Amino acid sequence: DLPLTLIAGPCQMESREHAFEMAGRLKEICGRVGIGLVYKTSFDKANRTSLSGRRGLGLESALPVFADLRKEFGFPVLTDVHEREQCADLAEVVDILQIPAFLCRQTDLLVAAAKTGRVVNVKKGQFLAPWDMQYSLAKVVDSGNPNVLLTERGASFGYNTLVSDMRSLPIMAATGAPIVFDATHSVQQPGGQGGSSGGDRAFVPVLARAAVAVGVAAVFIETHQDPDNAPSDGPNMVPLDRMEDLLTQLMAFDRLAKAR
Amino acid sequence: DLPLTLIAGPCQMESREHAFEMAGRLKEICGRVGIGLVYKTSFDKANRTSLSGRRGLGLESALPVFADLRKEFGFPVLTDVHEREQCADLAEVVDILQIPAFLCRQTDLLVAAAKTGRVVNVKKGQFLAPWDMQYSLAKVVDSGNPNVLLTERGASFGYNTLVSDMRSLPIMAATGAPIVFDATHSVQQPGGQGGSSGGDRAFVPVLARAAVAVGVAAVFIETHQDPDNAPSDGPNMVPLDRMEDLLTQLMAFDRLAKAR
Amino acid sequence: DLPLTLIAGPCQMESREHAFEMAGRLKEICGRVGIGLVYKTSFDKANRTSLSGRRGLGLESALPVFADLRKEFGFPVLTDVHEREQCADLAEVVDILQIPAFLCRQTDLLVAAAKTGRVVNVKKGQFLAPWDMQYSLAKVVDSGNPNVLLTERGASFGYNTLVSDMRSLPIMAATGAPIVFDATHSVQQPGGQGGSSGGDRAFVPVLARAAVAVGVAAVFIETHQDPDNAPSDGPNMVPLDRMEDLLTQLMAFDRLAKAR
Amino acid sequence: DLPLTLIAGPCQMESREHAFEMAGRLKEICGRVGIGLVYKTSFDKANRTSLSGRRGLGLESALPVFADLRKEFGFPVLTDVHEREQCADLAEVVDILQIPAFLCRQTDLLVAAAKTGRVVNVKKGQFLAPWDMQYSLAKVVDSGNPNVLLTERGASFGYNTLVSDMRSLPIMAATGAPIVFDATHSVQQPGGQGGSSGGDRAFVPVLARAAVAVGVAAVFIETHQDPDNAPSDGPNMVPLDRMEDLLTQLMAFDRLAKAR
């Protein structure tokens, strides 16, 4: 039972400058709190609600930024992959390849990510029962890569709503894989509100506390210095200046949860 | 932010002897843990899956037992009411009248319970959004009784399954009413498994920890010295000999949650 | 496979005059369409969202109106019961006692309705799987009354939304009971929209056509000469002047569904 | 309001011989019934529950079979695409490119399919509200291709269950796109039952009748001469020898639905 890890960063890599600025400030915060940081950011938002949604820097431009972030700050880096061709190149510059929830059953993508040897973080589909994540896990492990994380990020609950079933955490943990709770996308209100997904960041601390009290290896929280003007997931990102307080709380709950 | 209270007891009042035995042992446990106890037991299980399901002692037989339990042990007593005619008699011998989840919108029952002046605990219907509990609350308050508790006990999630949405706790708390988390019925698998409802008590500590970390006034946990042979709710009751450990955990999470 | 029957009327008995006016007009329409009519109206809306919602004439005032409606028009009359004490009196003046969906597991109410010997129409709870309605059915049958109808009226689907699972119709029909599809409450948006439930009557014909094509004994459609000013269920009642066209459609689908 | 079209075939292209055998028999059946046929089969099942699930012939082997099927039988051919690179090659030999439900928000795949100029059939994600399909549609249309079909195939309803909301048909039809009802995958029980998804083909006619009565442009039904031994989707495919009777029924309902 290692201490809680944080997977955090802005939803998308907006620019080299923004990525470095966010990384630097997050690293400071995590240093003060005493929580390990995995820096997360997306080079491409491949399933925006509409064509006009901003998608991020793109693979080619992002590769050197990932490499430099890792070199500069010394933390592990995580990003999500959408096509199997992307896996090999990204594996050169990041530590964890993340499989998006919608794609958690796409065999070829899981196998391609597995073959890189990097840690693979599979997000549970909104349409999937927690006990069925064993099959996604097995696709990676049976491809020769035992380093898999499984992430809870909410289940479909009627239309335009997700619900976080805290039972899924121990159910998925029974596979032996470390479990991540994604507090950002769990509060998403999926679907088009005038062409982009909504959310309610007020519930991020609520669900994160609940999950950490149940017991998880890591918590995933997207953050931004100005979420209301961020190009994606703004409604559910936590303002950067509230992260330290939130993380301090979560570390206390984590110590208690793992004390036994 | 008062310390966490426990609402606990066997699902149904099986006999005077059983009620006293359980009450005595629970009071001891709560004394050691340092948690306040409200003793809960049902005189009638009015919505068993089938006619042949055992229903409990019945109102007439139960009234003196409630009175004697309260006198003997000095704790508040809670029981659920199903018909408005029951409210006045029960109000003589118990402290809290509980409105079952299926009945949380039955105006006459809410008003009759309210008129007794006793505390009314309204369980949220499995079919109800947390923001709609304000209307059940208002029916009691507008009948002249401001002493209302609201209880989360799971929401319908497909067939034969409930899910606990931890967001409902702060949403209902915004009404100003103290919030109870019912960890027993939240793990119920409603519907007929050969004629009675199922459940999985392994998830009681999981959901209870989550809810207490989010922050609640009380946790509701049914318990029995031999759940597998209990006449109702056996699959989701916690064995009495595991309560002390569970309550000790929950008190630690509660102190942390309310420290801020 | 008898032809489709219509269960229809205004949601609540607003007054003797209104009840007679609606009954007369409905009887004419059904005569032209050639569909059998069961007249439905509620003497009390016992679970309005808020205390201030209008509840109907009340039991005492309604009893003679039910009797006179039946005498005047010669059709069977259906109304819903909320408390067991109401069953015997109502059984004198109506032909079918209806158990509201929220109350479909309340043993004493089911037994009291059964004991009257009248037909009992049990509405499936929004929280119940269709295969679990066999247990509600058995409570009536095992009380000595084999005359039971089962009604589909939607299942909880996230918050404030119902979904109609058409598979429930053959699943419940496998019990041997005639099946009713309630097209009015299936399009309800339950919960408080400023203190009363919403709905969308545009989907009444959609769901009614689907259900009749699957095959049902009866369809339940609330109607009103001016739904937008009706005291309850206005958003999901069909205007009276659109009923003839809708019923003509449904009869054609019913003939086709039962031709085989 | 054109007459109902059938999209049908075996879930996967098992071999050239099997594809031709199924195509020939289906064409005969559809000729007798008088229903237009689009032949559907998958060259690759890209999201099987486990690695060991059979995936079909594969793209290279399938391309000439698609071409020869179309030439031999003269019907349009539909297949599903999983990666954008597949779209151009497939567009040479099939008439309709289908976007799988899990991938209905993957912008690059939608755009690549759109750019071929072929008809694009987008299946609604199990996690998506029907009103949000306008955004998937727009991604295709705004890429210069107005030839889009939208398919209903069930929505997540708790774990391991789908529900078909018949309201989604008119909601999606309001976009102007022709609507397909997939009666095969709507009865799927998603998730791993010992490593593959289950289903219940007994409900295919139930849901198909309902959808056709509501009104759709096409119905999608997978079929196999021996479903219980088919390599995928066996539990929900209709035996070939029951198709004629089912289609005859559906055509009668379609005529009635479109008579007005």
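Going in written order, the chains are labelled A, B, C and D, and every chain counts its residues from 1.
Note that contacts are C-beta pairs under 8 Å (C-beta built on N, C-alpha and C of every residue); 3 or more make two chains touch, one makes a residue touch a chain.
As the structure is a computational prediction, the values presented were derived from the model and not from experiment.
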For chain A and chain B, chains touching each: C, D
Most distant chain from chain B by Cα centroid: D
C-D compared against A-D, more contacting pairs: A-D
Interchain centroid distance [CA atoms averaged], chain A/chain C, Å: 48
Where chain C and chain D are represented by their mean Cα positions, the distance between them in whole Å: 37
Whole-Å gap between the CA centroids of chain A and chain D: 33
Per-residue overlap in chain B, given as positions that touch at least 2 other chains: 155, 157, 159, 163
Residues of chain D that touch chain B when the two form their complex: 157-159, 161, 163
Complex interface listing, chain A residues touching chain D: 46-51, 55, 82-84, 102-103, 105-108, 111, 125-132, 134-135, 138-139, 142-143, 155-156, 159-160, 190-192, 195
Residue ranges of chain B in contact with chain A within the complex: 155, 157, 163-167, 169-170, 187, 203, 206-207, 209-214, 249, 252-253, 256-257, 260
